[in-house]
Amino acid sequence: MKKLVILLLVVMAVFAACGNNDGDGYGEGRQETPPPTGGGGEPVEFVEAGDGDSPMHPALLEALRAFPAYTTNDAPVLPRGSGTDNILRIGVGTSSTLIGLFLGTHNADANDASINELAGSYSLVSWDANNLWTQNGIATLELDREANVIILNMQEYVYWHDGVPLTLDDLVFAYEIIGHPEYTGQRFSPELQVPNVRGMAEYHAGQADYISGLVLSNNNRTLRIYYVDPLPPSTLFAGSVWLQPIPRHWIEPAIAEVGHYGLQGHIRARDQILGFGPFIIETVVAGESVFMIPNDNYRQGAPLVDGVLVELLPFEMVPSAMRAGDFDIAAYQTANLSEFYLHNPTNYSLFGWPAGATTIINFRMGGFGEPETDDDGNVIGAARVQARDDDHPIMNVAIRRALAHSIDRETIAHTVGHDMWIPAPSILHPFNASPFIDINRQGIVFDLELSNRILDEAGFTQRDAEGYRLDLDGNHMYFVYGQQSNPTHDQLVPLNIQNWREIGLRVEMFEGGFMDWGLFLDTVAFTDEVSPIHIFAMGWALGMNPDPASLWADTAQFNMSRYSSPGFAQILYDIQSANAWDAAFLADAYDRWEQYFYENVPALQFTWNLDLVAVNNRVTNFSRVRVDNGYNEPGNMTTDSWANHLIGLTARSPYAN
Amino acid sequence: MRIFKLFLRELKHDYFALVSIIMLAIIFLSIYIGAFVIDHFYDVMWVTPQRMPVSPEASGTLLGLDVMGRNQFHLLFVAARNSLNIALGVTFFSFAIGLTVGVISGFYGGRTDNVLMRIVDTWSMIPFLMVVIVLLVVFGRTVPTFILFLTLFSWMTRARLLRAAALSQRQMDYISASKTLGTPNIVIIVREMLPNLVDIVVANFVLTLAASIGIETGLSMLGFGLGWDYPSLGVMLQNATNPMYLQHFWWVWTPPLILVVVTMLCVNFVGNALQRVTDPKQRFA
Amino acid sequence: MWKMILRRVLILFPQLFIISVITFILATVMPGDALSGLVDPSVSREILELERERLGLNDPLPVRYVQWMRGIILEFDFGQSFTHRRPVTDIIGDRVFNTFLLSTAILVLTYIIAIPLGVLAGRYKGRIIDKIIMLYIFTALAMPTLVLCILMILFFAFNLGWFPSSGSVNAIVLAGGDAWEIFVSRLHHLVLPAFTGAILGTVGIVFMLRANIIDRTYSEYVTLARSKGVPTGVIFRRHILRNSLIPVAAGFGFAIAGLLMGQFFIESMFMYPGMGMLFVQSVNARDFAVVNAIIIIFSVLTALGMLLSDIFLMIVDPRIRVE
């Protein structure tokens, strides 16, 4: 008990430190972030990277320097009540449509999720620049490792848009929705520690009416969440526990009408969601746009704009639209950058931030075996990775290293990426694992000579009539590269094949060309068998939790390389083990993780990307970094940082070029 | 044959068609010969990634480079040849099927005609473009599948056209005469009726060719055509859907666009001239 | 005549049945299903499998077909859209109005432009005006749809700023404006896509109209009338024009059916949320509940359109009745 109190006090004291926000431009605006504490209560220093006050990798810092992180427009803001002049216009470049299912427990589309942050509910506990939980959000979070419980205490009085107070009972309700046997969304997942809640198993099986592990007290302003299995160290990181409340008084009647199964179609999960965010949804034009009005009772103060209009447009049109002054804010893709540099517009600027998505080039080395069954044939364990048994050269480390060193990421980062991309020196990504990345590590570099040497030294010296190397038994080797077409791969794939030809390895595209996306997923992602494809790349969005188990455990569906080895498994285990509560141990485990990938190359992270947002010059108070805005918490931003309640407009309409 | 003599006579009066046919000859020949030569000497698909397409002035080539560093001038020939191959394939096969069905239906009449026409009708009801898109997505977008699916949905119009022609021919005396003589039906069809249908076939063939080029282009531009790795005019034109390319990188899409427009115009003029020739009332001569 | 019409209508049913089977098999054969889009490490495989099971994706084909048809015929229920997570009928319902509006606008504009042009070209065949119109027609014929769309957007929407480049209506106006303002906003958004569509649609009609007029100008009954001394103008109006317009009007029946079909190219480029854009997006997302529904609807509409055209022709042109 005493240890817990000490932990609590130290944590609170440490997290209460606010950062400084001075100056203009990037770097100086970053907050000083106190490191999390280890099990003993002493703060531990992580390896410092970059400027000293920023944990970000220097290469990324360098790329980011070209772009500001927040606006410095000092002009007076249009006052509330200015009508349509004071409406923030946000453009979303997309090749699809607006789905419109905003409810926090159900949304599956990135645009829907972003709108939910503005007009719906968001996490009750805030986090800092290192993605660790902080204590100045709506609620405080305490992690009691020994008792295996998370304690949440509301410290603010927050109201839903209809005036009803927000309580932690609404969070309990969210768990009741997610855990329900008829739930149709994707949140019932171990990464959110949802199935781990005590009593959830019974509730999920339909045997209980409520979840026994969720205990409310203190007039519903305190919630204790009890867990069954010990909490892994990753729960220190934001996004690892589900903390988004859903208004019980609003959604429960909807469920009574259509059941849990029909909730996703009900209008209260869509156009009429109830939130406590800075804006309230007013109209949704199906598939195209959303119009929101300000919530004057927002907990951090009334928004400065009279409304927000979010519109969809094809992403090739974004630069032209921004130039014409159609939008105040629009997300840019790297493909749009050519146009930006060609036009050199003066009416808007680009703001950059590390993107929360990555692409990994995988070498497929196996498939999944049969799941474990007990004597009756019931499945008791998940299927495990089984290595290839056909002795294909891809299993040879030298081959993989040679392949990796011949991937010219630098060129692609320069051309398709416009130098906004950095060839990743590590398998970790700065979006969620900044403190653990070793800045001195150079990683895999593009070096054809080195590749040739690696192959020669490994014994692949014989060549066939066309100049391709033969394997160690003197047989022909060939590899199959499967990929779907998109601007990056259109350049990367032929370039890779050409370079691999230079080092004597024959690589062919699957069935001679680019694959259809659905076929690609079926042959690569969703298959248990050893796929005919040896090399491929896949991309996805990153969570805030750097724990790689969901991607690399030998039972993980998303172990794209289908790779496992004792050393590998040991590191994964270490990261999740109780020892990892010790920051030094965790840092060492991640270091070994990086080193393992460098030496064995089961996969290669492609690049670290920046994502860019175009902002018209009339906008002010827009920021992509967390700034101390004078309230008791740094602005709660989405990674896109489309808007927060402080954004203001200084002119009657967006400037046109 | 008669139609060609008439056509040549018509050409003297219709300057558009005359110019068109000369241009078409030049275009076709240069595309096929040029593509053959280029394929032999250059590796058109070698990739040197660029940030943006390189202009003709900057790269020292005739038509510049695209974003993958490929020479657009060379690519144009290869792409045009591929597009023409596909269009020819589609036209040829859809005529083969349409001719067979149409003539049989028109010649035999009665029950056969009814059944065949019902089939043609049903098949026509399927929204052609949509289903082709779906089929391409399912079975992959390669040259054979393209030709197969486009043919699958364009033979109906030929069938109808040729059926009408066959019907009107059937009434003619020479057919009745042959039947009276006891000539087997097959022989009548092939030896007597077909030659008279050649006029219509030729005229329509040319127009169908134009349409096929247009469809392949359109599908590719929408993203359902052949992929980046198989150059065709439609794929090259896909760039024109991007406002950035439209405004700044003209050399990537203007040559294919001009080629497509000119070719289709010429083919249309020639085709129209041919059609006029088959209908005495409309001839200029 | 009525017997013939009845026969045509009766044959419609087996034809529709065959089409439904074909489209159903087609859509189910597609690799990957709508759940493939949820590639996300936090989604476990078991959950995806359960979802597949629950949505009935693993049942044998004939069972699924019967389910699907039963749903459609009895309840007008085309199933659930996976990407949108709503009943397909809802989604299509959202878009139908938009497409209807756009198609009507295109149709009206097309005929308004095409008929005068065709008449002029036919009447003054060989003269300069005919040549100009033909040039326009041939250019429009050869110009790919998408290129025209982009040119229009770049010029009228971005350059001149006269019209919006995307959407069907302004959300702000929809929220706060009155009915008139909303109507104006919709019209405003319609202008560019409608004109683009009309320009491309005039080709066939002008061509056919012109050919028909020319055809009739040299026909025997006109020559007879001329030799009788009837003034050219009267001949033109009473004999030629009226007869030439008939096939055009017949095409109108077909076009009416096409009203709900939507134009994919135009809708996609103008981000106009209608059936065409929905189709393209659903194919890309493998949302085959929607794809199936749209194909079936269009097939039915096409069939009806063909029927309408045939009936109209039969009524108006006695020669066809005899056939």
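Letters A, B and C mark the chains in the order given here, with residues in each chain numbered from 1 onward.
Following the convention adopted for this analysis, a residue touches a chain if its C-beta (ideal position, glycine included) is under 8 Å from a C-beta of that chain, and two chains touch if they have at least 3 such contacts.
Here the structure is a predicted model, which is why all the values come from computation and not from measurement.
Enquirer: Based on C-beta pairs in contact, work out which chain pair has the most and send it over.
Expert: More C-beta pairs are in contact between A-C than between any other chains.
Enquirer: Taking mean CA positions as centres, which chain lies farthest from chain A?
Expert: If we average the C-alpha coordinates per chain, B ends up farthest from chain A.
Enquirer: Between chain A and chain C, tell me the centre distance in angstrom, where each centre is the average of that chain's C-alpha atoms.
Expert: Measuring from centre to centre gives 42 Å for this pair.
Enquirer: Let me have the rounded angstrom distance from the C-alpha centre of chain B over to the C-alpha centre of chain C, please.
Expert: Distance between chain centres: 24 Å.
Enquirer: Indicate the whole-number Å distance between the mean C-alpha point of chain A and the mean C-alpha point of chain B.
Expert: 49
Enquirer: List, in ascending order, every residue of chain C touching at least 2 other chains.
Expert: Chain C, residues with two or more chain partners: 30-31, 153-154, 158, 268-269.
Enquirer: Would you please write down the residue numbers of chain A that are in contact with two or more other chains?
Expert: Residue numbers touching two or more other chains: 317, 320, 516, 518-519.
Enquirer: For chain B, write out the residues touching at least two other chains, lowest number first.
Expert: 137, 241-243
Enquirer: Would you pull the chain C residues touching chain A in the complex into a rising list?
Expert: 30-33, 36, 38-45, 47, 51, 83-87, 90-91, 94-95, 153-154, 157-158, 161, 165-169, 171-172, 174-175, 268-269, 271, 273, 277-278, 281, 284-286
Enquirer: Touching chain B in the complex: which residues of chain A?
Expert: Contact set of chain A toward chain B: 316-317, 319-320, 336, 338-339, 342, 411-412, 414-416, 418, 485, 490-491, 494-495, 498, 509, 511-514, 516, 518-519.
Enquirer: In their complex, what parts of chain C are in touch with chain B?
Expert: Touch list, chain C to chain B: 11, 15, 18-19, 22-23, 26-27, 29-31, 138-139, 141-147, 150-151, 153-154, 158, 211, 214-215, 218-219, 261, 264-265, 268-269, 279-280, 283, 291, 294-295, 298-299, 302-303, 306.
Enquirer: Chain A touches which residues of chain B in the complex?
Expert: 45-47, 49-52, 67-68, 137, 140-142, 227-230, 241-244, 248
Enquirer: Name, in rising order, each residue of chain B that touches chain C in their complex.
Expert: Residue positions touching the partner: 118, 121-122, 124-127, 129-131, 133-135, 137-138, 214, 217-218, 221-222, 237, 240-243, 246-247, 257, 260-262, 264-265, 268-269, 281-282.
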